[in-house]
Amino acid sequence: MYQTAYSSKPVTPSPVVLKPEALIIGGGIVGMTVAGELAREGVQVVVVEKGETLGGGAGDLRFFYDRPADVRKWMEEMISTLEGDANITVLKGGKLERLDGQMGRFQALIRISDGGVRTLSPCAVVVATGGITRPVEAIRGQSRCIGLSEMEKLLAECRDLPLTRNGRPVMRATFLLDLTNDDIKIDTVTALKQALLLQGKGCRTAIVARDLKVSVSGMELLYSRAREEGVLFFKYDDPPVLTDTGDAIAVEVQDMTTLRKEERETLSLPSDLVVVGETFAADPETEELCRAMKLRTGPGGRAMEDNPQLQRVTSNRRGIFVAGACRFPQVVTESLREARAVVQEVMALLLGGGGTYTAENPVAEVDAGKCALCYTCVRLCPHIAIGVERYGERNVYAAPAEKDQNSPWQAARIEPAACFGCGICVAECPARAITLYR
Amino acid sequence: MSPVAPKIVAFCCEQSGVLALDMAKSSNAKLPDNLELVPVPCSGRIETLYLLRALESGADGVVVFACYEENCRYLQGNIRLKSRVGYAKQLLAKIGLEPERLEIFPLATNSGVKCAEFLMRKSDQLGALGPNLGKTAKE
Amino acid sequence: MKSGSNLEKVFVNGHFAVTAELGPPKNNDVSVIQRKVDFLRGYIDAVNITDNQTAIVRMSSIATSVFVIQMGMEPVMQMVTRDRNRIAMQSDLFGATALGIKNIVCLTGDHHTFGNQVHAKNVHDLDSVQLIHMVKTMRDEKVLMGGEEKIEGDVNMFIGGAANPFADPFEFRALRTAKKAAAGVDFIQTQCIYDMVRFKEWMKMIRDLGVDKKVHIMAGITPLKSTGMARYMAKNVAGITIPDALIDRMAKAAKGSEEGIKICVEQIQEVREIEGVHGVHIMAIEWEQMIGKITEMAGLLPRPKID
Amino acid sequence: MIKAEQKPFEEILEYLAPYDKILLSGCGACVTVCHAGGEKDAALLASALRMARQKMGKPLEILESTPARQCEPEFAEELSETIGQVQAVLSVSCGVGVQTLARRYTATQIYPGVNTTFLGETVAHGVWEERCQACGNCILEKTAGVCPIARCAKQLLNGPCGGSANGKCEIKRETDCAWQLIYDRSKSLGQLHRLTEIIPAKQWGTQSRDSGPRRIAREDLKV
């Protein structure tokens, strides 16, 4: 018959020693949250932030949609506690250039902007580099057309009533959503939050969207409050037409309440300001980082996009986690929830297993004698768990070959801790030299 | 109909196939009687050789229950399987066996009924094709 | 004088030379050669005899050249390195010079998979540059390849080569022609020209390298018979680029062939003004009968008689 | 490494028609690396052959054995006991392996299972391209590390020919023109001037196949 999928050989893969040391790439709110909570549990944390200050993408956030707290103050407190914490070292202007080895013996090479180079050996790595938005190309050149982030700044800094921009009062504002990113909830949340604030400042606001995404906790309430406050809501199929009428921009929408298309009349919303959602783009630096760390990037070029079989924060490599906007653009509260999920994972990994990790899933092993060093398995392993020891001076972990104790392993070698037990390498090996042991 | 029902070997991915078949069994959907299930951690674990050896050693038809394209827990498993089944089908053509004797049936954990129906259809189809003349093991 | 051929005398006396091309028959029917020679008689200085062009089996270039001489016209024997190794090529040179053939064009030749003998074993013992050098050493130093074997008597050939200014890498094309000049080539016939801008750029590079002083450059011209032919050549023939403007012009014209001849004549007049172009090589593939009309319309007649 | 491709299935069936017990022997080195004759591909071929013959009503018993290499006498010796029990051998090793077995086992017919094609480089997983013809007189120093003998359809030493367009060879659109590569690399190495020197005719006879089959004999190593 044929060899069964597993072969039973009592092999207990040698456990990997895990020191409580973690590396966090990205000093935004997710990175800081993870760092703070891990440090409190006694984990030695290094945060690498490419910029000169912590805070990251959410830096230009001023208001929470679900609580009245002042974001800037909350952010500054977080930064100060972080920088004061003994367990946390922050490397500003740092960039991960290279990550070698496997979980338990990662070798991270960090290049600092002042020319310095640091080599770290973390046992777990968290990627929280956030996402970037492309600035709003002024739609048809109107200067009265701004992005959501600019409106956030205006609402925070401009104290006078009614709100003024470049000296002109803002009495009528219209939010235009879903022109670019249509599967992302963050624009609707921000628009609703800002609309309520504007309404509070006596400005009549309308929200024009393809469809309102309210599947974020607390959003149903916010929507009904907005309706009570008098915010107007319009839906559209084909994008509304904007025309500059000199002192305002007229946003023409169709009254979608009448069912038959031809009977719908068009309404015009004259507005002093039209606010548009910025486009969330794949961050080339995150893509480069994923290449350096051999992380799988999803179709949108972001780290580890959704796959129902995978937990939200784990990556394709053991010991590396991904959280926040770099994984998928999302509201701050959702990013923070992912941050806490990462903290759970890292603590379970570093502290839960009594300082070691042994693979529960079946683990594949290469018979060094039969391996023809053809690199098939190394190329195909989705989890980057296989290296070739003899050449890989970077994969310096020279496990003694079974037969001949002192000569380094002269073949492909599967790191037991990094193996997920899928068996792809076993099936592809041309020398049938790999076996999957339960 | 041939006296003995056609033998089907079904390789089942533990993430989807195995669970779907458990569901089929628990909701006692009708399953072909000469069915052998081979669980594998991922459809990517199934070598091309397994597909041929299964046919060689007595199966009249081989089915692989794998996850849908984007849903592989190990990211590449079902994609690698697809190219291996393609290669195996070319070999079957050269051997002179009908292509219907080897098929991938993508499914998710909840498609128990769907996979049971598929197996019954496959059993009838193989019955019509007649026994696999290439099998070397004697019944 | 290198070989005293009529073509050489035309160049030496500063005339604007005209050559054409004659494809030997795919059998041994000499009347085919006779008919083509009669089409060309009086309109050209010498005629290229192709050597199994596009690797399609035809009567050999030497045999056809001998018939052409008997019919009172001067041949330019083409020799490709695809089919013969250095032994065969040197022995053919002895035969050719003995039979009175005075001009040779050394080519690498089209790859045999283009022709009707795709399963052949190609030779490529030498390449065109090395062949040029071999013929020159036989003529000037009277030694066989390898340098030891002395040759009794003269092996005088007026040596020609090809150049394709439209192939890649463009910046290297002039340098490669310079290499052929260094190897000892006497005249160069270019691939057929349709992209005049690129040809002029190439000629400028040739002049900058001073190659036009050492070598007679002949511009290759092929009249287009129809729009179909133009599109076919643009797409399938490697190394030939035909600007769309030309194809559109052909498509718009009432009668494709007449427009083709008009374009051909304009091209000849245009290349005559380019400094360093000493002649034109008209490749009227299976259209030899038009050479008379073309040369007459382009004002290239009568051909100079030099004794 | 040596690259090879399995022979068409029908051709192999033809070879094995007269026999009913054979050895199918793979090789653990080069043909394993290019997935042509390693243990996996040998077992696959064996299974397919058994089924095909079974279907024809003439079952074929196939013993399988894949030594680490087939081009060493000792590895060939490993198979002697098995070869004693079979009527013929189908070797999916490269041409060297087939002939090593043929030299050793004079009474047994050794059939090739693969077509050995070229010495090649892996350009992508599962894709190999010809790099070397083992001509015995390497000129890579002159051509910026790209060999025109192996990678130019006309083996030109003073290329490129007139058919090179957009960096591709005139006879196959997907093949890079070797001389374009030589030109590009020479440019990046700042050695373009070297391409203007004429490379004289190659002495094919000194070390290449054209002076008959070759032999290397290291007196110092001889036992």
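Details
Lettered A, B, C and D in written order, each chain numbered from 1.
The criterion applied here is as follows: a residue touches a chain if its C-beta (ideal position, glycine included) is under 8 Å from a C-beta of that chain, and two chains touch if they have at least 3 such contacts.
Remember, it's a predicted structure, so these values are computed and weren't measured experimentally.
Centroid distances from subunit A, each centroid being the mean of CA atoms, peak for C. Should one ask which of A-D and A-B has more C-beta pairs in contact, the pair is A-B.
Distance from the subunit A centre to the subunit C centre is 66 Å, each centre being the mean of its Cα atoms.
Note: centroid distance subunit B to subunit C, computed from Cα atoms, is 66 Å. As a whole-number value, the distance joining the C-alpha centres of subunit A and subunit D reads 48 Å.
Separating the CA-averaged centres of subunit A and subunit B is a span of 39 Å. Residues of subunit B in contact with two or more other chains: 47-49, 53.
Touching two or more other chains at once are residues 380, 432 of subunit A.
Listed by label, the pairs of touching chains are A-B, A-D, B-D, C-D.
Chain contact summary for the complex, subunit A toward subunit D: residues 369-370, 372-376, 379-380, 429-432.
Every residue of subunit D that touches subunit A in the complex is listed here, in rising order: 28-29, 32-35, 38-41, 43, 66, 68, 122, 125. Of all residues in subunit A, those touching subunit B in their complex are 1-2, 4-6, 296, 307-310, 316, 361-362, 380, 382-383, 420-424, 426-428, 432, 436.
Chain contact summary for the complex, subunit B toward subunit A: residues 15, 38-42, 44-50, 53-54, 57, 67, 70-77, 80, 84. By the touch rule above, subunit D contacts subunit C in their complex via residues 153-167, 170-171, 177, 180, 183-184, 195-196, 198, 200-201, 204.
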